[in-house]
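Written below as C-alpha cells is the structure these notes are about.
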C-alpha cells in the first residue's frame, strides 16, 4: 500500500503543482506550501514503506508484459535518500527561491523527477525500468532548463547525452528481451548465466554504458558540470547529491543483481584483468581528473559539480572491488556524499542569496557575516575531504582499505591523489568564500533566515552523527550487501568489528573531543586576547585600508598552474571537454532545427520513436 | 615601577620572569644604517641566539623593536604602526646616538631627533654605530632588567598615550593604525577603567 | 642641433668601433653643429654648455651619432644668487671611455626642462629626484610623483633658500644643539656667512 | 517564515552581483620584511603568484645628506659621506676625497694611493661576502650567511686595526689617508686574504654549486646586455650580461692602472651570473690586494692641508667615478671657493638597479623570485635615498 | 600497560612526555644547526622558554573566532593523532585506528591552521597555506605510496601490526632494509612532512614573511610552537614505526628519534628551499617513481 502511495504521491503532486503554476506570480507561497506538504508526505511514506520490502506489485500491462514494481533493501535505501534530500531541498527553497516567478514549473518538474527516480529504483522488470529511466531523464532535463538562458543551453547538452544513453539503453532492453524472451529480471539472470561471451558482452555494453553516462563516469562526464552549475543553486544541490547516483543505482542493480558478479567476472583475460579492472581504472580516472579540474574553477557551483563527478569515482571504486569493505564503502559513500554536498551547496546558496554571486573571485571574508553558512560549509568540506570525524571519512576508509588489501596499490594511490586534490579545492572554496579580507561591499550582508538555516543545521547534524556512529548507516548497508550476494560487513555502532579491520569512530571522536578540550584549556590559559580590525594587519609596514586590495584568491594553486599549464591546456581533459562541447552544440542545434525548438514537439517525437521500437519488437516476437 | 611594587612580585612572577628573559625575539626591521651590525651579531661570530635572541619577521611575533639608528619621518610612521602591532610586553631599544638626540643628523630636515618622544624606549645603546659587542651587552642588560621586573616602560605607552600621540601628530599629522590604544589599555587592564 | 631623432631599441651603431681620444670627441661634438663650447677638461672628461632648448636634440645626437650610451647622472645646482638652476648631464661612452658633461642653465622661477626619458630610461630617476628636491618640471616625464619624500609638505628641500636646521628646529623637539663653533667660521652658515646665510 | 513573506519584494540587496572580480592584489615586500635589502619597499601588484606590476618605494632612509653637506665644512663631511652606502662605505670616502682633490688640484702621495686601493678592495670583498649571505638567505640557505658574514668580520677587523672603525672608516682625507699602515699589518692582511681564498672553495661546495641555488637562480631575473645598457645597469650587473665595463679599467683612478687584474664577466645575465661574477671578483680583489702589499712604496701618506676649519677649496666642479661593489659610484661636486661644498650630488650605484631596473625585472616574475632578484642586483637602498 | 591504571597514567602523561621529547628534539635541532653554521647555538631547552614566553604575552590579537578555534584544532588535532601512533609501551589506541586513520588525522591540524590563517586575512598567510596544501601532493602522496606497498606486503594496514612484524623479524625485515626503494622515498617524504629544507616552502620568510605565522603572535604563535613540538617526535615516530621497526624500549626509541632527526637536520642545514613547483617536480621525478617501483617489485614478488 505504501509502495503504491510512493508512486502515486509524486504524480498527484505533479498534477496539482502543474495546475498551480499560474499562481506562482501572485502568491508563490501557495505553490511552495503545496510542494512542502507533498514532499513531506513522500518522505513519511518512504519511511513507512520499509515494512513492504520484498512484496511485488503489478502495474498496468504494456506490450503484453506486466510492469512489476516493489521494494528491495537496495531500492528502499535509495527511496529514503531521494525522499529525504528532496524534502530538505524543498525546505531550503521555501526561503531561497526568492524570484519564484522565474521558475514557474520548478516544483512540478521536481515532482515528476521524484516520480521517475522512485519508480526507477522500485522497478522490478526491464521494461518498467526503462520507462522510468526515460521519465527521470526528461524530468531532469526539464528541471535543469528552468530559469535563465544559460541553463537552457546547458540542459540541451544534458539532453543530448540523455537521449544517447536512452537510445543505447533501449537497444539493450530490446536486445535482452529478444535474446531472453522476457523483461523479467529473474529470467534475464538465468539467461545470462548460461549465455555465451559475445551475448554477455553485447548486453553488458548496451546496458552499462547508459549508466556510466548517467553516473558521469570518465570520459562520459562532459555534460555534467555546465548542466548542473548553470541551474538554480538549490537544484544544483539536488542534482549533484542524488540525480547522478541513479546511474550508479542501475550499475549496482545490473552488475550485482541482474547479471551477477560471476557473469561480469567472466569478461576478461585473467583474474586480475577483467571488466572490473576496467571499471576500477575508469573509476580511478573519474576520481582524479575531475577533482583536479575542480581545482582550477572560479565558480563555487562549478567547482562542486566537478566534485560530484569525482566523488562518483570513489563510489564506483568501492563497488568495483566487489569486496565486503569496498561495496560497503561505495554504498555508504552515496549516502555520505549526498549529505555533505547538499550541505555545501546550501551554504553556497545562502551566500548567493545575500550577495548575488557564486564567483569565488568576488567573495571573501563572509565568515563574520554568515557564520551559520560558514559552519555548514566547514562541516561539509571536512566530510568531502574525508577528514575525521565527519562521515566522509568512514566510507573513504573502507574504500582505501579494500583497495590496499585487495591488491590494487595504484588504484589506491589514485584515490589518495584525488583526496589531496579534494582537500585543496575545498579549502579554496571555503577560503575564497568565507575567509580572507571582507570586501567593503559585503559589510551589510546578514545571515539567512531560519527556514534556510534549518536544512543546513539538519545536514550538519547528519554529517556529524553518521560520522561518529557509522553503524547506524552500516546496518542498512549490511542488509543491502546480503541482498546483493556479498558477505555483509561486520559493523559496530562506531565502525567495523575487529576482525574486518580497525576502526572505531566513537573512540576517535571521543579522543578528538578530549584533545580539543585540552587545546582549548591551553588556549584559555594564555593571555587575554582581543579581536582586531582586518586592516590591523601585517603589510610589511604599510598602511592598509579598504582601498588596498589585500586578498589572495585568484589562481589559488599557482604552483600547480605552473606545472600543468601546458599539460592542462593540451591534455585530453580539456580537449575532450572542448570537442564534446562542440559536438553537443552541433547535435543540439540539429535537434533544435529538426524539432522546431519546441520541447513538447520533440518529446512527442521521442516517445513515438520508443513506441515504434517496441512495436517492432512485438512484431519480431 | 617603585621598589615597593617590585617587592610585591609573587614567587610565580619571579620564576616566570627568569624563564621569559631567556627568549627574546627581535623584529627583523632595518630602520637605519645600524642594521649592518646586526647580521654579524646574529651569525657565527657573535651568535645572538646563545641568549635566546632571534630575529623575527613580523611585528606580531616580536618582543624587541630595535631601532637601528636614525629614523626618517617616513620610517617613524611605519615604526609606530609596527610598534602598535606588537604584542605586549614589548621593548623598544634605541640603537646609536641618532636615536638619542639626532646624532650627526641633528640638523637634518628628514630625521626625527629623539626617539623617546614617540615611543617608550626601554634602553638606549649609545655609539655611532655601536659594535656587536655593545648590542649584546645592551641585550644582556635588557635581560637583567626583565629578570628584575624593571623592564616596564612599554606600559608607559598605554598610560601616557596622549603624550606620545601629541608628539606623533606634531611631527607627521594624523596616522591611522586601526587600533585604539586607549581602548586596549582599558581592555587589558593596564589603566583604570574609566566609568 | 635640430631635427628629430628616433631612438631605435638596442644599441646605436655609433657605439661600436675604435676608441677615440677626448679631443676627437670634442671634434665629433663640434661636427654635430651648433654647440662649440665643448673642451677637454681633464683626462677622459669633456665639458661644455648647451642651451636649454637644444639639450634634447644634443643628447639624442650624442647618443645616436657619437655613441654615448650611458647616462651616468643628471645633477642639479641651485645658483640662488644668479636666479638659475644649473642642470649637468653626465654622459659616458663605453666605446671611448670618456665622459661628456653638458651644463644647462634654466631660470629658477620657471624651471622647466625637456625630459630625456625617451632616450635614457635611467633619466627617469634623476629627473624625478631633481623634481622632488629642487622643483624643476620635466616636460614629457610622466612619472614625477613624489618618491622619496612622500610625506613631505615643505618646499623642495635642496633649494638653497631652504635651511635644514631651521626646519628641524621647528618640526622636531629635541635637546637643542647649537654649535657655537659655527659662528667662528666665516660668520657661520646660519648667520649669513659664506655660501649660505639666507636665513 | 519571515523570509517567505519578503520573498517577492524585489528589493533584495545583491552587493556581489556586479562586483568586479578580485584578481589582482597587493603584496608588500618591505620595509619590514626579511626579503628586502635594507629599509626599502616593493609594492607588488600580483595575480596568482605572478607579479603584474612592481613599484619601488624609497625614502625610508632619507637623511638629506646632500643638504647636510652644504651646511657643513669640507672636513666635517668626511665623517658623514661614508654613511651613504652602509655595506660598502669606502667608495663614498674615495669619491669625496677625489672630488676635492680634482677641484683643488691636490696631489696625493703614492703610498696613500696604494692604501686607498687596499681599503677599496677590502671593502669590496667585505661587501660581496655580505651580499652572498643575503642572497643565500633569500633561498633559505642560512648556513651561508653564517659563514660568509662571519668571514667578513675578519676583513672588518683589518679595517678596525687600520682605521679604528669596523663599518665606517672616515679614513680618506683629501690629500691622502689619515693613518699609515700599522706594524705587521701587511702580514695580517695576507693571512686574511689566504683565509678568504681558502673559504671560497668551501663556498663553492656549499653555495655556488648547490643544486638548489642552480635550480632557483639559473634563468631567473634575466637582464640581457641590450637592456642592461639601455636601463643603465653598471658594475657586476652589467658584467654578468657579458659586457666587460669596469671603471677601474676604463676610467682608472688612484693606481689601478699599475695593477694587474681581470674583469670577470658571465654570459647568461641571470641571477646566477650576477652572483658568480661577484664571486670571481673576490678572487680578483684578493689578487689586487696582494699586489698592493707587494708594490706599496714607502713615503708619506698625507700631503698636509691647511687648517681644516679655514680650509677653502677653489671654485670649480668635478665629476668623479669609482667602481664600487654595486657598480658605478659617482660624485658631482661644485665648490664656490668657500669652506663648505656648494653642492655635492651623489650618484649611487643603485639608483638604476634598485629602482627602474628592479621594477622592470619584477614585472612578470614570481613572488618567490622577487627577493632573489633584488639581492642578485645587490641594490643598496641608502644609495637611492641618501 | 595497556589496561587499567597504567593506561590512564599513560593517557595523561603521554602528551607531557611527547612535549618534553619535542622540546629536546627542537632544541637539539637548533643546536645542531648552529653547530653546522659554526655557532654555539641556544640551550637545549630553548623551545620551552620560547613557548613560555609566548603563552604569557599580556596582549594578544585575534582576527575572529575561527582564528581562536583553529588554534585549539591545531593542538587538539595533533594530540589526537599522537595517541594513534604506537610508541614503546603505549599502543592502546592503535586498535581503534590504523595507518589510514592516522594519515587522515594528520590532516586535521593543517586544516585547522588553514582555516585560522584564512581568517587572519593576510595574503602572505593564504599563500603559505596554498603552498602547504600543494606540497601535500608531493610528500604526502609519496609517503602514502610507500605505505601502500608496505601494507600490501604484510597484509595489514595497522601501524602497530606492521611494527610488530618488523620487530619479530629483526633488523633485516625493517622497511628501510627490506624495501630500500620505499625507505629512500619515505625519507624524502619525511623531509617534506617535517617541512625542512629543501622542501620548506611554507614558512619561507624571504618570500612570504613566514606565511601562516605572519599574523600569529603571543599565545597563537605559542600554540603553533606547541603543536610543532608535539608533531616533531610524532612524525618521526610514524616513519620509525613503518621503516625502522619501531622501538621496543624507550632507550631505543629516543636513540632512533635523534639519529633520524639528525639525518633530517643535516640535509636541512646545507640546502636552500625549492620553489613550490620545483619541490613538487622533484617529488614526482624522484621519490614517487622510486616508491612506485618499490611497489611494483613487491607485487612481482607476491605473484
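Residue numbering begins at 1 within each chain, and the chains themselves are lettered A, B, C, D and E in the order written.
As a convention for this text, a contact is a pair of C-beta atoms (placed from the backbone, for glycine too) under 8 Å apart; a residue touches a chain by one contact, two chains touch by 3 or more.
Values in this document were obtained by computation on a predicted structure and should not be read as measured data.
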item: Other chains in touch with both chain A and chain D; value: B, E
item: Topological distance between chain A and chain E, in contact steps; value: 1
item: Identity of the chain that, by mean CA position, is farthest from chain A; value: C
item: Maximum centroid distance from chain E, chain identifier (CA atoms); value: C
item: Most central chain, Cα average position; value: E
item: Interface with more contacting C-beta pairs, comparing B-C to A-B; value: B-C
item: Mean-CA-position distance for chain D and chain C (Å); value: 23
item: Separation of mean Cα positions, chain E and chain B [Å, integer]; value: 36
item: Chain centre separation (chain B, chain D; CA means) in Å; value: 29
item: Gap in Å, rounded to a whole number, between the CA centres of chain C and chain A; value: 72
item: Per-residue overlap in chain B, given as positions that touch at least 2 other chains; value: 28-29, 43-44, 57-60, 74, 78, 82, 85, 107-110, 184, 188
item: Sequence positions of chain C contacting 2 or more other chains; value: 149-150, 157, 162, 164-165
item: Chain E residues counted as touching two or more neighbouring chains; value: 37-39, 54, 56-61, 123-124, 127, 205, 209, 214-215, 218, 275-276
item: Every chain pair in contact, whichever chains are involved; value: A-B, A-D, A-E, B-C, B-D, B-E, C-D, D-E
item: Of all residues in chain D, those that touch chain A in their complex; value: 1-4, 7-8, 10, 12-17, 19-26, 28-33, 36, 41, 43, 46-50
item: Footprint of chain B on chain E - complex, ascending; value: 30, 34, 37-43, 46, 48-50, 52-54, 56-61, 205, 209-210, 213-218, 221
item: Chain D to chain E touching residues, read off their complex; value: 25, 27, 33-35, 49, 136-143, 146-147, 150, 206, 210-213, 215-216, 366-372
item: Chain D residues touching chain C - in the complex, by the definition given at the top; value: 57-59, 62, 64, 66-68, 70-71, 73, 102, 226, 229-232, 234, 243, 245, 250-251, 309-310, 317-319, 321, 328, 330, 332, 334, 336, 338-340, 342-343, 345, 347, 351-352, 355-356, 384-385
item: Chain A residues touching chain D - in the complex, by the definition given at the top; value: 28-29, 32, 94-95, 97-101, 298, 353-357, 359, 361-364, 439, 441-442, 444-445, 448-449, 451-452, 539-542, 548-556, 558-559, 561
